[in-house]
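Below, each structure is written out as structure tokens.
Heads up, the next two complexes both have chain A, just with different partners, chain B and then chain C.
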Partner chain A sequence: MKKNNGKAWLYLLPALLFLIVFMVYPLIDVFIYSIEEGFNFASQTYYGVGLYNFSYVLHDPYFLQAVQNTFLLVIITVPVSTGLALLISVGLSSIRPLRELYQTIYFLPYVTNTLAVGLVFMILFQKTEYTDGLVNLVIELFGGNAVDFIDGPYWAKMFVLCFYTVWVVLPFKILVLTSALASVNQDYYKAARVDGTPRLRVFTRITLPMISPMIFYLVITGFIGAFKAYSDAVALFGTDLNASGMNTIVGYVYDMLYGDSGGYPSYASAAAILLFAIVLTVTCINLLVSRKKA
Partner chain B sequence: MEQQLDFQNMQKRTNRRQRALKVLVYGFLSLWALVVLFPFYWMVLTSVKSYGAYNAEHVPALYTLEPTLQNYVDAFTTVPLLGYLINTLIFTIVTTAIMIVVSTLAAYAFARLEFRGKNLLFTLFLSLMMIPSELVVITNFVTVTNLDMRNTFAGLILPSVTSVFYIYLLKENFEQVPDELYRAAKVDGTSDLKYLWKVMIPICRPTIVTVTILKVIECWNSYVWPRLVTDDPSYYLVSNGIQEIRENGFGRENIPAMMAAVVVISIPLILLFLVFRRKIMAGVSRGGLKG
Partner chain C sequence: MKIVLDHLTKKFPGRGRKNPGEVAAVSDFTLEIPDGELVGLLGPSGCGKSTTLNMICGLETPTSGTIHFGDDDVTKLSPELRGVGMVFQNYALYPHLNVRQNILFPLENLRGKDRLSKEEMERRVSETARLVQIEDLMERKPKELSGGQQQRVAIARALVKFPRVLLLDEPLSNLDARLRLQTREEIRKIQKKTGITTVFVTHDQDEAMSICDRIAVMQNGVLMQQGHPQQVYDDPSCLFVAKFLGTPPINVFEGVVRGQTLYIGGQPVLPAGGVKDQEVFAAVRPEGFVLQSDGPLSCRLERVEVMGRDVSVISSHDACTGPAVRSIISAESRVDTASSTVRFALKPGKAFLFEKDSEKRVTVQQN
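Right after this comes the complex of A and B.
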């Protein structure tokens, strides 16, 4: 085929322009920002070059709080959501009637606005002067004590955040796992049936190994997604996440950039690079583990 | 005879066990369906309770006998909800339209045209997929601020257009169109652009529709970038609008009106989902990025 160099570049030009201006250049620039010390946003000047921004961020209590929150969120929600998705998908694939209805319902959170539905969770869990909120009434019904999940103790706030995060990320995981389960060759199951293999054994010896690549895929993307959690927290606790002690690393980056505490792109860059380093490390570990197992 | 009875008993026992398992599975699935649906029910229910009735309930009622639409009227009159919706609509349509044109052209170049450095460039493209948006958003914010594009649609839209993943998806699809069609078109003297428009796009329409819907969902729900570049409420999108309503809108106590706004914001996407259910689910399982 004849080479049509000029024309091809013309077709690529718009995409390239967008990518260079809004992705490649910023990617280089973020590393430059992160080492410019004492950068002043108004005058666009800085004193010197060094690692001070990183050390500032690493010593900032807000950042450490954000790291703690993010890690807790990751450690709790990734296993819970993956396990729950697995249970639900296995359940779904074992039934025939109503399956499509359930699938449609389970997918709904994916197409909802995280910020908007977060408000519903807020009123369900919140305790105000007027009412204890529905969740607390249920807790009281079982003899427990009402807690303010939105503005109360740390563990309660963490619980709502994790719960909402799981609620939001499950549709994707259920969808992926259900299609993975559907693509397992049915002959294996028939063979197991002939041998009279017990259900649990069929599950651990056939189903799990067959869909394990997809589970690893979900775990890896789940880790990445959970490390970048932000809008779920805003939806529940409002925009001032530092005040409620529920900030995430991504939230810290944006707060440094803009808002009441903003105007420090250098600190924001340093924090974003630290986040990227954490995510990269965790993803590499995940890949190594999955390679060894698979 | 005795053996046969034994067999029947065994059969009965397994049947019973299977039925019990079925009940258990359905119970579990219904429970989760309830967890998913309940917030939606609660938001609709709260949005039709009157302000007085809602605040008088110490124990919230699970249903209401006097539904009112007053909250919806409030949502549109006391806060600029309609403005937020129009902004989001403009943002979604323009961003998606530019994205489709730009991505289609690039995907076509990668799939059908030959040029020097194609493989290298495509590898570079793919590696861009791994760049988290958190890293680039900082400079973009500075760029847009320096260009004086804060609180403009250009500032909102331009950085949201790029999507390497969709270019990749379209390219894969374009490559499945047989080469013979292209050669035949070339013999007939059809230009590349005309070929793309008259042959490629119609054949690959399903993928283009999927990509469009996914981008629309993404745009409608986008929060971070709009929050960074707009601080003038007349440019807020729905996500920022709802946050603004929560913090300074009706006053913290008027939850029914807040819920009415939440319902209004949620309905367009839920409708879109119910209409294009299969397409959306197939598209997301191929390339969902949320999760």
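Right after this comes the complex of A and C.
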């Protein structure tokens, strides 16, 4: 038995080695950075150990703005994108002609570069002195006043960011949900038909419970993905996110490391640890809820 | 409820460029099922029996022909308006609902004047559960049940609406051999108790013969023969039906009729009154052989299997189309196992003649 244990560890060694070097060590290192006070990047020295970095970050208005933005993004985009994806997948699986064409169309954003898409969104939503974007032209057509979605009021910018995020994450969710729907045994639907089950009831009592594991998977990964959002905001509002007030937590971490105000790995680490704590808490809650339902 | 299927035909369109032609799954199927009978649709896989069942159920619409339940034409009605209960091959029990909720499900779908009160629903559910003896399992999920128990839950779910017709698609194929015997008895018992007209589909002739009031044998979408199991067994209308029914299977010989006598391997074996001279297939049931030292049919003895009640003699004959001639004789008659040949006489009622080309039955006058 002893000998076998040794062998088992030997077999695990390659994987463990990589995990330790690239996952465990950086995690510990980030934690150490976050509690080293007054760390000087050039001389690699610090004054003492404590929670000052956390206190600084939590009192930084930019960080609080980033937290607000991130939470808004999460709370709006995850339910909206999952609901929309469900609606579209159910629609897709109930039509026969042209289904494959639509599937391809809905999947296209997934293979498109996010920055390129961001550029397109910027052009669609922008309002400059010379031209209005397509969206503003439509608004004016219906008699509304043009809004600068890219550099205007906060709610407009948040709307574009959410719209963009939903649009980007939708294809993957549709892909997962259509395959989940396709894997439901057709006999359940036949049985429901024989019993004269109304369509809505078939959906809520049969389809939804059958694909609920996939929906929970999408919600959990959606939460995590939205909490880690950064590139979406950059694609729309440029790299100086603090100035436009559209920063996210990951964006804040990046700015602390490399941005104009960069060179503060301690603050960045503290913010990263805070993000980790938030994501962990939310994921645990998600898992608890899904387990209760299952 | 009497069911009448009149010239029922179902054609499926060709799929893609490879198989452009349409496929006739069921052609010109006419059958009358009397009220309260248990009928088995029997045939090899792909013969259209499940399609026929689905048309009776309403899951498929026939290309042509009509379906009547009693005096009602239900051909164009959707399943829920026909008053049918269906048991699927894999039972299709909703995995996230427990047994009680599964049985309750069809009742909860009823709307308007058919809607039952909560107490009435509960009463119906427990009544049906008692009928199939699953009262102790009501709170379990389907995956916590054995195959046989799931089967009963599926039957209960089909019966809870008091349907006019009960349909079962290969109800026993997912059960092990012992459970299959037990369950088919139970299906029969439940059917007798409720008196509901029942159609079930199977590829197992043993199953169909043992419990059905009436069987309908299908091949390639065509109804070959229907009737009481014993009657079909004793009087097959074509070679396919003769071969399909009976275990062990019937023995088929190539033979010739000359001068109103059947010759197998050049030997006259049986009088064939009223049959004109022609080449035929002669099919003999295993129990149609009589051991006789001067019998006309001489076979090479291969082995003898003793089964207690009777003896199975396995031999071979050049004219036999199968690999071996299997005959069942009573245990009292002694087979000389040392001998290399065994000689049989044939019982006239157990041997059938079929035309060589059409494989249709040739009637022999018995006297």
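Heads up, the rule we're going with is that the second predicted complex is superposed on the first by the 272 of 294 C-alpha atoms of A that agree within 3 Å, B and C clash if a C-alpha of one lies under 4 Å from a C-alpha of the other, contacts with A are read in each partner's own complex, and residues count from 1 in each chain.
Here is the rule we use: a residue touches a chain if its C-beta (ideal position, glycine included) is under 8 Å from a C-beta of that chain, and two chains touch if they have at least 3 such contacts.
No experiment lies behind these values; they were computed from the predicted model shown.
Novice: Should the pairing of chain B and chain C on chain A count as a clash or a fit in the superposition?
Specialist: These partners fit in the superposed model.
Novice: In the superposed arrangement, which partner chain does A:15 touch: chain B (first), chain C (second), both, or neither?
Specialist: Only chain B; A:15 stays clear of chain C.
Novice: Counting residues of chain A touched by each partner, does chain B or chain C come out ahead?
Specialist: So, of the two partners, B touches more residues of chain A.
Novice: Who does A:210 touch here: chain B (first), chain C (second), both, or neither?
Specialist: So A:210 only meets chain C here.
Novice: Contacts for A:274 in the overlay, against chain B (first) and chain C (second): which applies, first, second, both or neither?
Specialist: In the superposed model, A:274 contacts neither chain B nor chain C.
Novice: So, A:94: does it touch chain B (first), chain C (second), both, or neither?
Specialist: The first partner, chain B, only.
Novice: Taking C-alpha centres, what angle do chain B and chain C open up at chain A, rounded to the nearest 10 degrees?
Specialist: The three centres form an angle at chain A of 70 degrees.
Novice: For A:160, select first, second, both or neither according to whether it touches chain B, chain C, the two together, or no partner.
Specialist: Neither partner.
Novice: Could you say whether A:121 touches chain B, chain C, both of them, or neither, answering first, second, both or neither?
Specialist: first
Novice: Could you look at A:193 and tell me whether it touches chain B, chain C, both or neither (first, second, both, neither)?
Specialist: Second partner only.
Novice: With both complexes overlaid on chain A, what's the closest CA-to-CA approach of chain B to chain C, in Å?
Specialist: Minimum over all C-alpha pairs of chain B and chain C: 7 Å.
Novice: Can you list the residues on chain C that touch chain A in the complex?
Specialist: 57-59, 78-81, 84-86, 88-90, 92, 94-96, 105-106, 109-111, 157, 161
Novice: Which positions of chain A touch chain C when the two form their complex?
Specialist: 185, 187-188, 190-191, 193-198, 201, 205-206, 209-210
Novice: Using the touch definition up top, name the residues of chain B that touch chain A in the complex.
Specialist: Interface residues on the chain B side: 22, 25-26, 28-29, 32-33, 35-37, 39-40, 42-43, 46, 55, 57-60, 101-103, 105-106, 108-110, 113-116, 118, 121, 125, 128, 131-132, 134-143, 158-159, 161-162, 164, 167, 192, 217, 220-221, 223-224, 227-228, 238-239, 242-243, 246-247, 253, 255, 258-259, 261-262, 265-266, 269-270, 272-273, 277, 280-281, 284-285, 288, 290-291.
Novice: Spell out the part of chain A that touches chain B in their complex, as residue ranges.
Specialist: Contacts found on chain A: 1-5, 7-9, 11-12, 14-16, 18-19, 21-27, 29-30, 33, 41, 84, 87-88, 91-92, 94-95, 98, 102-117, 119-121, 123-124, 130-134, 137, 167-169, 172-173, 175-176, 179, 218, 221-222, 224-225, 228, 230-231, 234, 238-239, 250, 253-254, 257-258, 265, 268-269, 272-273, 275-276, 279.
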